[in-house]
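Consider the two complexes below, in which chain A is the common component and chain B and chain C are the respective partners.
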Partner chain A sequence: MTQATDQTLDQILTLAATHFKVPREKLTPDDDFFKTLRIDSLQALDLLTRLENHFHVELPDYELQGVSDFRTLASRIQARL
Partner chain B sequence: MKDGVIELALNREPCNEIGSLALEELESFVRALPELERESHALIVYSSLKCGFCAGADLRELYLRSQEMEPATAAKGVRDFLERIHHVMNTLDASPLTTIAAVQGVCFGGGFELALVCDLIVADKMARFCFPELRLGLIPGFGGIPRLKRDLGNAVVRDLLLTGRSINPSKAQAVGLVSQVVAEGEALRVARATAGQLGKFDRATAAAAKQFIKPIPYEELRREIDIFCELFSKSAVEAGLRKFVESTDAQPYLP
Partner chain C sequence: MLNLDQYSCLGAALRDALDRWPNQECLIESDRDKERTRLTYSDFKEMALPLARALEDADFKPNDRAAIIMTNQSKWLISAYAIFYAGGVLVPLDYKLSAAEHLQLLAHSRAKFLIVEYHLWKAITESPEFRAHKVQAVLVTEAPPSANLAGAFRWEDFRRKGDPAFVPRQREDVACIVYSSGTGGQPKGCVLTHENYLEQCKALTAWYPFWPGVRYLSILPTNHAIDFMVGFIGPFVCGACVVHLRTLRPEFVRNAFVRYRITYVSLVPIVLKNLERGLKANFDALSAPKRLFLNGLIGINKALTRWRPNVALSRGLLPQVHEAFGGGLKAIIVGGAFMEPSTLQFFYDLGIPVANGYGLTEACTALTVNDLKPFRADTVGKPLPGVELRVLNPDAEGIGEIAVNSKMVMSHYLDDPELTAQTIVDGWLLTGDLGKFDGNGHLQLFGRKKNMIVTEGGKNIYPEDIETAFEELPVKEYCVFAANYVWPAKKLGRETLVLVIRLEYGQEFNYGLREAMLTCNRRLPDYKRVGAYLVWSKDFPRTASMKIKRTALASEIGKSLDRAAVVAL
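And now, the complex of A and B:
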């Protein structure tokens, strides 16, 4: 993993922790964010929109189909930065 | 109605799905509209639910009702429903009032189509627009394609329709769909401020301008109903609806 992706990952974890009110230290890159954040599909869309707004990218939702861990999410976003 | 502005609040759990009850309520509203139009200059459509503007047609009801009927009866029921919802949408589209959709959260399928009948769309930055119908083996059926085609370039319409992807308000504004993107939770307030501005102008002039600039694509709307009904009779649709209704997938809203 590159340094840039590490930074992206860190920002995702911080954003997710802040918005879904989970202690940042409890989130790890390989967590299943559906389980860790206890979110449903609508909240996942909310997360997607927040990430797009934060990173100023477009992330088609079909690219997230099957993605449930923060690390893969970071790599998908990094690919569009 | 207040200060010449009518507000239509969508408020049906879980996310303003448009089924038979919502349709009846919309029909009651458009029946009352001619009387209301005499005293007003603008109409705001918004959701009072946190989940979003509207998640689209009530697919659960559509699936369950069609399961209880013979295929020919179900097909007739679908056509009747479409004729009725098109009447509602066309009436709103043709209203002499200036209409504003204040959108937050999910604005999918039939909800997107409801927003598209409005003259202006104000979206908060957490809104999400999508036509997911193709994954069910269908096309949008409440007038979405002709109205999107009226307002946007054909390439954008193809992108939204054929990929089924959802887009955020910045993208929607960049392609010309959304007139204003505002902070989270501010869409209704900004829609009201915009409606206040509209009230400064002569109503008849605004209505004439709207009629001139916003033709209603009746022929394509009729064709859309026919294509939808043709597709609805195919087995792929029943399978798609069943999959959606019975889904335990964590991401049923992602195409």
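And now, the complex of A and C:
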């Protein structure tokens, strides 16, 4: 993993923790975010919108398809930065 | 609307619809805040016929099968019409499945053609199983100019001049093969005829009619039986308009209601609940006096619409709520899974009728729908015209398995005569769902006889289909059950999958094993994951061919342990 992806990952974890009111230290890169954040697929789409605004990228809904951990999500975002 | 009794196939009905309302809008496609496409019925025809001609020239013959794997968009419907025009059989596949699952279903359905969106095709070509695929021709939509299409054609270029020959089909001919479950085990391909669809459409539109000017917001995947019927066939044979969104982010869905003044929408329970949460949060944010005033208006609306909905009155009483839904919404259609009565009642009290129904892919789409005369939140409504339902072997409370006799019942499961014979007995489709009728002829559902769950997103999950995900688990044996199958609940909801494990002799359950379970579980899409596990202390009963006797094991577990014995994963 590159340093850039590490930074992206860290920002995603911080943003998810803030938005879903979960202590940042409880989130790790390989967490299943549906379980850790206790969210459903629609709330995951909401998270995607927030990530788009933060990183200034446009992510089609299908980028989230089959993705459930923060690390993969970070790599998808990194690919569009 | 068209008189569907006069038609023998979907292609002919759709063809006449395109000619009857040439200047009416039939499709609008929006991507976030930008509108991408707006087509009249005449535009639709102009786009579809060159595709039908190109299919014909590419040796696509009557009865050949063509699969579609696409998100909801105009090219889905245009392609489907071209397939029907050429006399083909449509195989609509769930775009949310994995590439390996797509390839498995393509092989099972023996589709000769595939029409697929570029990002989905890319995933399919990267799958290890890709080399073995036998699809003869692939049409890819929206591929970037520089994309390597691995031998596929560009959908946008796949068109030929000249009038294609319309191929009529008989009512008993196959129209679609629809997969009612995921894969992993035995795919269940429901073979549905033109008659199934024409009868279903006639029955549904008798209670919930469309007309020119109606705008239907298509959110459920079009491969899903509900959207295929009420987001394509139904609106088209009535001259109505379908609105597609390229993103289902809640904020854009909300905007679409207002922007396009939506008349009807179909939702699965998870989306309806999300809307309820959003509205309640807005109500909670009101000051105490405003909240009190709103509650008063809701109370008045509730009293005045007790016996039948009066949307115009409700709009006058609660304008802000209705404006948030565009001001033109007549009803929300909900189905595909169990919906809590409290959510249905919440919307009805606001003057937004929710047509709750019940159906299954094997019976085309819907069997019962609430006719709103009066609204009932505690039932799934009455049987549609042309649907005969029976409760088999009712217990003392009148609850038994629901069986269906109707022209809407599928022909058979593809390549599975054994399962077909178990499911359709003497012309009656055994649904596996438990229910009873109340004194007013409304159907109430109480659970399932089958080992399966239906997610809030409307997906059928068969435990056998996901067991392979746990193959690496270092235990003696394991099995997955629907919790309600082991512990019959006599009510719907609380549906979860339970992984039952039997440890090796001397093995102890430890942290590492739990981690291994979590790792295996993560490989499954979120909606297919098991929610709990149970350590079972006896060997599993097995048949002579060493297959697990699932019913016997479930019964043994159910009798020995309480549902509370399962541990959340």
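As a convention for this text, the second predicted complex is superposed on the first by the 81 of 81 C-alpha atoms of A that agree within 3 Å, B and C clash if a C-alpha of one lies under 4 Å from a C-alpha of the other, contacts with A are read in each partner's own complex, and residues count from 1 in each chain.
Quick note on the criterion: a residue touches a chain if its C-beta (ideal position, glycine included) is under 8 Å from a C-beta of that chain, and two chains touch if they have at least 3 such contacts.
A quick note: this is a predicted structure, and the numbers were derived from the prediction, not measured.
Contact with both chain B and chain C is seen for A:F34 once the two complexes are overlaid on the shared chain. In the superposed model, A:D69 makes contact with chain C only, not with chain B. Of the two partner chains placed by the overlay, only chain B lies in contact with A:R50; chain C stays clear of it.
Judged by the touch definition given at the top, the superposed model places A:P23 against neither chain B nor chain C.
Overlap of the chain B and chain C interfaces on chain A comprises residues 34, 40-42, 45-46, 48-49, 60-62, 65, 68.
Put simply, chain A touches chain C in their complex at residues 32, 34, 40-43, 45-46, 48-49, 60-62, 65-66, 68-69. Residue ranges of chain A in contact with chain B, taken from their complex: 34, 40-42, 44-46, 48-50, 52-53, 58, 60-62, 64-65, 68. For chain B in complex with chain A, the residues that touch the partner chain are 15, 51-52, 105-106, 125-128, 130, 163-168, 170-171, 249-255. Against chain A, in their complex, chain C makes its touches with residues 71, 96, 98, 119-120, 246-251, 270-271, 274, 456-457, 518, 522, 525-527.
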